[in-house]
Every structure is written in structure tokens, then in C-alpha cells.
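Take a look at these structures.
In the two complexes below, chain A is the common chain; its partner is chain B in one and chain C in the other.
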Partner chain A sequence: MKNFYMGIDVGSVSTNIVILDEENNIVWKKYLRTQGKPIDILKEGLKEVRKELGDIDIKGVGTTGSGRQLAGLILGADVVKNEITCHAVSALDFMPDIKTIIEIGGQDSKIIIIRDGIVVDFAMNTVCAAGTGSFLDRQAFRLGVGIEQFGKLALKSDNPVRIAGRCAVFAESDMIHKQQLGHNQEDIIWGLCQALVRNYLNNVGKGKEILGPIAFQGGVAANEGIKRAFEDTLKQEVFIPKDFDVMGAVGVGLLAKAEVKRKKTTSFKGLNISNIDYKVRGMECNDCANLCEVIEIQEGNNILARYGDKCGKWTNSIKDSSKLA
Partner chain B sequence: MCKIGIPRGMFFYDYFPLWKEFFQELGIEIIVSSKTNKEILNLGISSCVDEACLPVKIFHGHVEYLKDKVDYIFIPRIMSIDRMEYCCPKVLGLPDMIRYSIGKLPPIIDTQINLRKSNNKYKKSIYDTGKLLGKDFWEIKKAYKKAEKSYERYIYLLNKGVVPIEAIKIYDKVFKDINYSSEHNELTIMVVGHSYSIYDEYLNMNLISKLMSNNIKVITPEMINKEKINRYSNKLPKRMFWTHGKRIVGSAFSLIEEQKIDGIIYLSSFGCGMDSVLVDLVERKAIKAEIPFTLLTLDEQTGEAGVNTRIEAFIDMMKWRNRDENNISAFR
Partner chain C sequence: MKITFPHLGNVYIAGKAFLEELGQEVIPPPRCSKKTLEIGTKYSPETMCLPFKINIGNYIESIEKGADTILITGSCGPCRFGYYSVLEQSILDDLGYDVEFIVFDPIYEGVKKLKNNICRALNVKSYRELIRAGNFGWKLIKKSDYLTHLSNEKRAYAVNSYLVDNIMESYYREVENTVGGKNMLKLMNEVENSLKAVKIDKNKKPIKIGIIGEIYTIIEPFVNLEIEKKLGHMGVIVEKSLTPTRWVEHHVSNFPFGSKEENEKYRLAKPYIPTLVGGHGRETVGSAIYYSKKGFDGVIQLLPLNCMPEIVAKSILPTIQKDYDIPVMTLVLDEMTGEAGYMTRLEAFVDLLERKREEKKNEKFLYGY
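Moving on to the complex of A and B:
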């Protein structure tokens, strides 16, 4: 029987699942909306794996993304890793001599600087919407253009319009203003792509030495307009991996594989967790002025984990809750 | 017995051992506000002007917490704690700001501490403070002598490598067995920033204990001796006029140049003018020496999950780097 490894990236908006084979090929991938119900979505995801691939032999599992701790607990992950490390690992697998990774997703963006195959610097933006995919979605909607056509239309522009990109609110009002002045749609769209890239380079990329080869990953990499805007500004080619939209999951899958090779066993609970009943319960602790929101996860009748307490009195009452949770 | 309230914020983390001994020696009961918690933070946010930095807001919360429990509140007006140096404007005006934004306060003891020109004024402020509490010259002198001793002991512990949170705990007599940092840590990280940011565990979401529980040795500016700080900060082309600033830059420069650390985490408060200059100085120096540097900017809206991700990624980066130097395969 063939060996497979699973990587899962649980973000606030989407949950990505990939299955890798022994040669690091992606044999299956799935994108699901998290919808604030990470546990249900995980179960649904695993059900689909079984339905489409059968009862394959999964030798190792890794989780990443903002919901990594929770997903790791529920699945019995071998590796639980932050997104930065995972993106770096998958980009290095894609291109071993990579020097810069640009990652733009729906809700956040990152830059990772790599030299000689190791991460030497990184930055994340989780505050300003103007540098992320949700900003583009919103503007596409406003212009009445499908986000899929956005990139193609941008490339048709021959008379770019400059749109202020410093902040999402300004960009939006500036765009409306340019629309009213009668600029055509392609030019405005191209202007938006340039504004996003400028915003990214000024905020996330501030003070970073961006050298090539450059990889561009995350959902926004689907947008040819943004790719072109980066290439124009950075004056060099930007490489997009085939599976640009699931690179976090791929990275943690690779890490899981390496970890399992080392420890020679997996802690994965198996694909049938979709049959287990999980309950999440929130409660407010009144024992001191912090009034923490403590979250408890139950697996059947067992308490799997508690977290959210400042003092550790709830977390420590259970044995294997992870440290940084 | 008369009770003095000491808010657990701002210069508390620098001088508490001194203040505590002084007042106790004078036979005065001191009440320290509890550690920062959600309630204190919320009190601070609602009473303080919105533009203030997080540490100042939190300080307001501590004063609110104390105001009905004590006869006096001790908020020294710290103008300058070294020759020809100043503190941040927000620190200089702290007692006035508190009076302005918080109602129904007990009297504030705002002893002026200004060592910019000479030590004599300082002595006078100490006597004035004691006199205010009805003590005579000799009592005050004796109390201050003792307080200085205990302060020296505190500084000694710090220079020995005890992180101040732990050192303060010894004085709180809560914590018995502090572990002098072991030799077996995989990484050594400098956590740099203003004392009231790096030692307020609520404000920084337990940054130091998180690092320590990951088997990382932590060094902070207060653990570097003054002589070294002066030597290294003197290397700046322009003199540093801010006391905390000098400590931050001098300690960071010394650790960078001596190659004693694997990385630096700079903890800053959103909107801190002083930090905008300091961060730049430290970051540039770190980059030049190829020492990983990361900046965590905190305000009351910062989410803990994002901070954890940053810290984790930063630790990974340093481990990855060390492993690479030892020629073990790239990842894992």
C-alpha cells in the first residue's frame, strides 16, 4: 500500500487540505470555507478524503493556520506549525534557491526572506485590509466584475490610473472618484492592482531586501494583474507555484512527513474521526478579574483540551495541551 | 496606620524595591495594585485619553484600582534619572494627567525626581516626601539608607542574570525558588523595550514566560550593567537624551556586538514616539550583525493568536539557522 501524508491549513476564512505522496506530489487537494465552524469543516474534509480516495494509508498529519492548535488536537497531528515556517518549507521544495516569498491571502499577507535555504526575516500584516485579497474581492464586487476576470482585465489596460493605496477606505473612495471621472474599467482595475502592490511593499515589505528568485503564493496569486504589477515594480520575474493556493498546507504536510520519518510512528487518529462526536463549550471564568473566556473541547465523554485562560489553571488541569495555545 | 498606594505600572518595575523599603522603614503600610488584568486595563482605557500609549493607559487603571483603598497614592514626577537626561514627556506629566483624568482621588505624592543637574535636589525631594508623612530628618535618612541597600541587592540579582519579573517576585516574597538560568538553553533571546512593557505580563501576553517555557534563555536591558550600557550607547553619533532610551540602545548594542544572543524581540507600544527612533537604531545594528530581529507592536486591540504565531515563527527561524550552521539538513 502506498504511503500518504496530509497537510491542513485552518484559516479564519478557508480550510485547505492536501494529500501528498512519498515523492511530495499533491495527489488531492480541497478548499473549504471555515465558516466559523472549524471542527465540522475538518470532519467534512476527512469524509471527502475517504469518499474520493478510499481508506488510504495516511502516515502522518500536520496542521497550520490560525486554527492549527485546535485542528492538531482533534486530528492527533504529528506537527503543528505556524504559517510562516510552513510557507517557507513549501516554497523551498518548489524552488530550492528561492530568496523571497510573497504571500497574499484573503485576510492577511506576509513576506518571508530566505537566504541559503533558511528563513532570515519575515513580516506579517493582519491589520490593514488594503494589502489583502478581501480588498480585491470587495472592489471587484463594486465594479460588477467577477474576481476571476479581474486579472485578465487588468492586463488590457493601456492607460493606467493612479489609485491611492495607503488604506482600504481611501483606496475605495479614490476608486469611486476615478470612476466618476470616466476612466474605463480596465484602467481602474489595473490601478487597483498597482495600489495593492504598492501598499504591500510599503507595509509588509518595508525595509526588506527583496531579491530574486521570488515566489508568489496565496489565493491572490491567481490574479495575473497583481503578478504583473509585482513584476513591473520589482523589475524581475515572479514565480507562482502550481499549487499556490494551498502552499501552507503543503508545507506542513512536508514537515509531517519529515517528523514521522524521525519518530517512526504517527499520532494521527485516523480518517474516521468524522464519526466521533466533538463538543466545544465556552465559559467565563469568574475566579479573578481577568474574566477569561475559557474554551473546552470534548471528545465523546473525554475533555480533550481547555485553553484561553491567562493563568493556566484550566489548561494545566489537562495533560497534553500545547504550550503556546 | 497610614496607607500608601503604589500603582503597579510605569517606573514600578525599575524602582519598586527602593520605594517599598523606604516606606516600610518609615512605618507606613504600602498597598500595591494587583497585577494588570482585564479589569484594570478596562478601567485604564475608559479613564485615560485615547491618544496615550498602552502603558500609560494601564497605569491609569492601576490608579483607579487603588484610589478607594488608600490614603495617598505615590506617583513620583520622574523628570530625569541621570545627568543631562530626560524621560518621555508622557512620564514627566504623569501626575498631572492622572489628576486631570481621574476623579475623587486621594492626595497624590508626586515627589519630583530630577537628577538632570545634581543629586542635591533629589535628596531634598526625599526629605520632603518623608516630611509630608510626618517623619523627622533622622528617620528619613535612615530609611533611605536601607532602601538604597535593598535596591542595590535588586540590581545585583539582575546583573547575575535573574530576569526582573523573577527578581520582583523575590521581593514580593511569593516566589521562593527562582531558577538561575541554566546553561542548557538551546537559544538566547534578548527581549528589549521599556521596562513597563516587558515586565507587565498582561500587557505583553506573557512573552517572557512563553519564551522560557520553550527552553529559551531571556536577557533584558535591566540585566546589563550600567557601565556597559554607557560604554556602548556612547558609540552613537548623537548623544541619547532619554534614560530608558539609553538603556535600550546601550544594552542591545552590547549584546549584539558581543554576539551573545541568537535574536532580538523588540516590544513596543503603539504610538510611542521614543520607540520610533529606538527601534530603528536597534534594528539597523542587528541587521548589520546578521542577528534576527523582530518587532512586536502592542496596543489594547492586539490579538494573542497573531502574537503567538510571530513568536513561534521567530523561534523556528533561529533554530533552523542554528541547525543549519551545525550542518544538519535544512528543515527538521
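Moving on to the complex of A and C:
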């Protein structure tokens, strides 16, 4: 029987699942909307794995993304890793001599600087979400354009409108202003793409030495307008991996494979956990003025974990639980 | 006279005991919490630095517990801290709180004023008494810093790092019910013993990170989202470039020459930043170099949003990173800081340092697969 490895990226906007084989090929991938219900979506994803691939032999599982801890707990992941490391791992698998990774996802954007196959520096957006997927989604909606058409339209323009991209809110009002002045849609969209790339390079990429080859990944890489704007500004080609939208999941899948090779066994609980009932209960601890929101996860009748407390009183109250605080 | 003072990490432990030794009644503010920050944010100017907001929260919480006199140090550098006491007093006045401020301004602002303030705040009958209590207080500061340091080290080496949290948590709870210097010292000795009894794994080779940046953000765990704890659980040894002990050594014990370590930092920073820029901007640059020379794996700069001296330092740090080949990460903190993004950055930074260390060991490294 063939061995497979699973990587899951539970992000704010999407949950991505990939299944890799022994040769690091992507056998199956799924892009689901998280919709604020990570556990339900996770179970749904696993159901689909079973439906489409049957009861395959999954040898190792890794989780990443902002919901990594939760997903890791429920699945029994072998590796729970932050997004930055995972993106670096998958980009290096895509192109071993990569020097810069631009990653723009649903709610955050990152730059990862790599030299000789090692992450030497990185940055994430801190104060502004302009240019990320959810912002583009909203603007496409406002312009009455499907997000899939957004990038293509930008490419049609050769006379961009200059839009203030310093901040998401101002970019939006400036864009409305330009619409009212009567500029055509393509020019506005192309202008917006350029503004967002400027914003990214000024905020996230500030002070970083951006050398090629450059990889562009994350959901926003689907947008050809943004890709072109990056290429125009950086004056060199930007490479987009085939599976740009699930690179985080691929990275953590690769890490899970390495980890399982090392420890020789997996802690994955199996695909049939999609049948188990998970309950999440939140409560406010009133023992001190911090009023921590403690979260308790129940698997069937067992308490799987508690976390969210500053002092560790709740986290430590169950034995052998995963420590998340 | 019921004295209170703003929180600054573990200083309240020594401060409380020291003032109690001198026969004063002390009401330390409750430990910083979300409520403190909420109160502080509500009554402070919106663009003010984070430490100020916490101060205001501390004062109001203490006043509600009965405090009527506030002790705070002054400053006259180009950093906003110099105006803290003035602005804070006027905010409290506007809110209708009738409290007295005693400000210890630096000695070159006038010896007599400082002397008067000390006599008033500390209830000094004779200088001999003051020196005795001062020495005792100094001992307590060193001891409480040592405990913080020990707990950080233990966390990195411990088999179960969460035991350390339990010990420290019960220590902080006990402090509130302990009166007087002698009892405090006894409590500290007990805590030291239980920390030393925590089982450790000697084979661990922890990553070492120096924490540099703005003094308040480094020292107060509530403000830096307990960075020491978080890194400790990841198996990292943390050293803080500024601690109450280091501050006293530099500004009080070795007055007017300054401590050896701080002067060394000035010297190291000199090619990049030859003069005072306020706050601890110069020290931040110097510390980054200092830690790189001491063989640390990386440094993390903590910067409260819109802190001017640290912004100056931040713009110099990429050059240090290049010149000394030490990874530097800057974390910006304010009341809006989200914990999830903070964790991601810390984790990724630790990953980066681990890989870098392995690369140095193996010459080349292929991400483990």
C-alpha cells in the first residue's frame, strides 16, 4: 500500500488540505472556505478525502495557519508549525535556489528572505491589511467584478489611475472618488493593483533586500494584475508555483513527512475522526482581573484540551493535555 | 500617607518591602491586567505611548484601594517620559482624584529638591536609617531579578516547563499577602529553592535570545505579552538587556560614572549612534552588538507603538544585523496587539535561529528532509 502524508493549513479565510505521496507530489488538494467554523470545515474536508480517495494510508499529518493549534489537537498532528516556516519549506521544494518569497493570503501578507536555502529574515504586515485577499475581495465586489476577473481586467489597462494605497480605508475612499470622476474600470483596477504592491513593498518589504529568484504564493497570486505590478516594480520575473494557493499546507505536509521519518510513528488519529463529535465551550474565568477567555475542547466525552488562560491554572488542570498557553 | 507607584515588572516586590521597612504604608497596584489597560486607555490621550496608559490604569486601581500618594521617577531626556508625571497629575486632577505626586527627578535638576522629596516619601529620620533601608532594598531588587532570571533559565531547561509557571504564579500571589522586608526575603528564598528543585534536562542546548528595546516594555511582562514565558516554553533562554538591577547599577550605585556594562554598550553603539537620542535608543543599538559578541543566537527588539527613541534604533538595526551577522526581529506593541500574530512571529524567529545554528554546525542544511 502506498504511503501518503497530509498537510492542512487552517487560515482565517480558507482551509487548505493537501495529500502528498512519498515523492512529494500533490495527489489531491482541496481549498475550502473556513467561514469561522474551523472544526466543521476540517471534518468536512476529511470526509471528502475519504469519499474521493478511499481509506488511504496516511502516515503523517501536519497543521499550520492561524488555526494550527486547534486543528493539530483534533487530528493528532505530528507537526504544528507556523506559516512562515511552512511557506519557506514548500518554496524551497518548488525552487531550491529561491531568494525571496512574497506571500499574500486572506488577511496577512509576509515577506520571507532566504539565502542558501535558509530563512534569514522575514516580516509580516503589522498595521494594515490593504492588499490582502479579503480587501481585494471587497473591492471586486464594490466594482461589481468577479474576483476571478479582477486580474485579467487589470492587464487590459495601459493607463493606470493613481490610487492612494497607504491605508486600506483611504485606498477605498480614493477609489470611489476616482470612480465618481468617471475613470474606466480597467484603469482603476490596474491602479489599485499598483497601489497595493507599493503598499506591500513599503510596509512589509521595507528595508529588506529583495533578490531574485522571487516566488509569489498565497491566494492573491491568482491575481495576474498584482503579479504584473510586482514584476513592473521589481523589474524582474516573479515565479508562481503551480499550487500557489496551498503552499502552506504543502510545506507542513513535507515537514510532517520528515518528522514521521524521524520518530518512526504517527500520532494521527485516523480519517474516521470526522464521525466524532467535537464540542468547544468558552468560559470567562473570573478569578482575577484579567478575565481570561478559557476555551475547552471536548472530544466525545473527554476533555481534549483547555487553553487561553494567562496563569496556566486551567491549562495545567488536565493531565497530558497539549499545552497551548 | 498611603503610598503607591506604577508597576514595572517585579520592582513592586522590592519597592513594597523597602518602603515597609521604613515604616510606610504601601498599597501596590493590583497586577497589570486587561482592566488596567482598559482604564488607562480610556483616560489617556489616544496617541500616547503604551507605558503611560498602563501607569494611569495602575494609579486609578491603587487609588480605589485607598492610596493617596504616588511615587514616580522623573527624567529630562528627549523622551516623553520626562512629561509623564506632569501629564499624569493633571489627568488625575481632572478626574477629581485628590492625590499627591512625589517625583524623583535626576540629581542635576537640583540636589535640594531631590533630597526633600526623598525625605518626604521615605519618612527618613536619619541618613543612617536611609542607607540601611537602601541597602536592604537593593538586596531585594537583586534578589527578585535573580528569581525572574532563574525562572527564565529553568523554563528553557526544564523537563516540564509548566512547573516553573506554577511556582512563579504562586510566588506572585504570596507577595501580595507578605508584609515587611524580612518576610519577603524569606518568601524569595523559598521560591528560589523550589525553582532549583525543578527537574532539568542537561542535554538541552537552548537557543539564546537577547531582548532589547524600550525599558518598560522589556521589564513589564503584561505589556510584552509575557515574551519570556512564551520563549521559555519554546526552549529558549532569554536575557533582558535592561532590568531593574542593571538600571540601579548604572544610575544609582555607580553614580556618576555609570556601570561597566552600560558604558561598554555606549562604546559599541558609538560608530552607529554617537549621541543620546532619548529613552534607551542608544542602549538598544549597543545591546544588539553586545549580544552578538557574547554569542547569542539572535535579538528581539521590543518597541511600544510610536516610541521615538526606539524608532531611531530600529532604523539602525538592519545595519547591525548585516555587520555583525546576528538576526534581529522587531516587535511593535500597543493595546491592539493580537496574540496569535505575535506567537507566529516568535515561533518563526526561533525556527530561523535553530536552522541558522544547525547550518553553522553542518555547513549546509537541507531542511531536514
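Methods note: the second predicted complex is superposed on the first by the 316 of 325 C-alpha atoms of A that agree within 3 Å, B and C clash if a C-alpha of one lies under 4 Å from a C-alpha of the other, contacts with A are read in each partner's own complex, and residues count from 1 in each chain.
Everything that follows uses one rule, which is that a contact is a pair of C-beta atoms (placed from the backbone, for glycine too) under 8 Å apart; a residue touches a chain by one contact, two chains touch by 3 or more.
All values reported here derive from a predicted model rather than from experimental measurement.
**Q** Chain B versus chain C on the shared chain A, clash or fit?
**A** These partners clash in the superposed model.
**Q** For A:Val89, using the defined touch cut-off, is the partner it touches chain B, chain C, both, or neither? Pick first, second, both or neither.
**A** The answer is both, since A:Val89 touches chain B and chain C.
**Q** Using the superposition on chain A described above, determine whether A:Thr315 touches chain B (first), chain C (second), both, or neither.
**A** second
**Q** Is A:Gly117 touching anything from chain B or chain C once the two structures are fitted on A? First, second, both or neither.
**A** In the superposed model, A:Gly117 contacts both chain B and chain C.
**Q** So, A:Ile176: does it touch chain B (first), chain C (second), both, or neither?
**A** It touches nothing on chain B or chain C.
**Q** In the superposed arrangement, what residues of chain A touch both chain B and chain C?
**A** 66, 81-85, 89, 92, 116-122, 124, 126, 207, 254-255, 258, 262, 288-291, 310, 323
**Q** Show me the residue ranges of chain A that touch chain C in the complex, using the header's touch definition.
**A** 66, 81-85, 89, 92, 108, 116-122, 124, 126-127, 207, 254-255, 257-258, 261-262, 288-291, 310-313, 315-316, 323
**Q** Spell out the part of chain C that touches chain A in their complex, as residue ranges.
**A** 30-31, 33-36, 162, 165-166, 169, 226, 233, 315, 318, 321, 327, 332, 340-341, 343-345, 347-348, 351-352, 355-356, 359, 364-369
**Q** How about chain A: which of its residues touch chain B in the complex?
**A** Touch residues, chain A against chain B: 66, 81-85, 89, 92, 116-122, 124, 126, 207, 254-255, 258-259, 262, 288-292, 310, 323-324.
**Q** Mind listing the chain B positions that touch chain A in their complex?
**A** 34, 37-40, 202, 206, 210, 213-214, 283, 290, 292-294, 303, 305-306, 308-313, 316-317, 320-321, 324, 330-332
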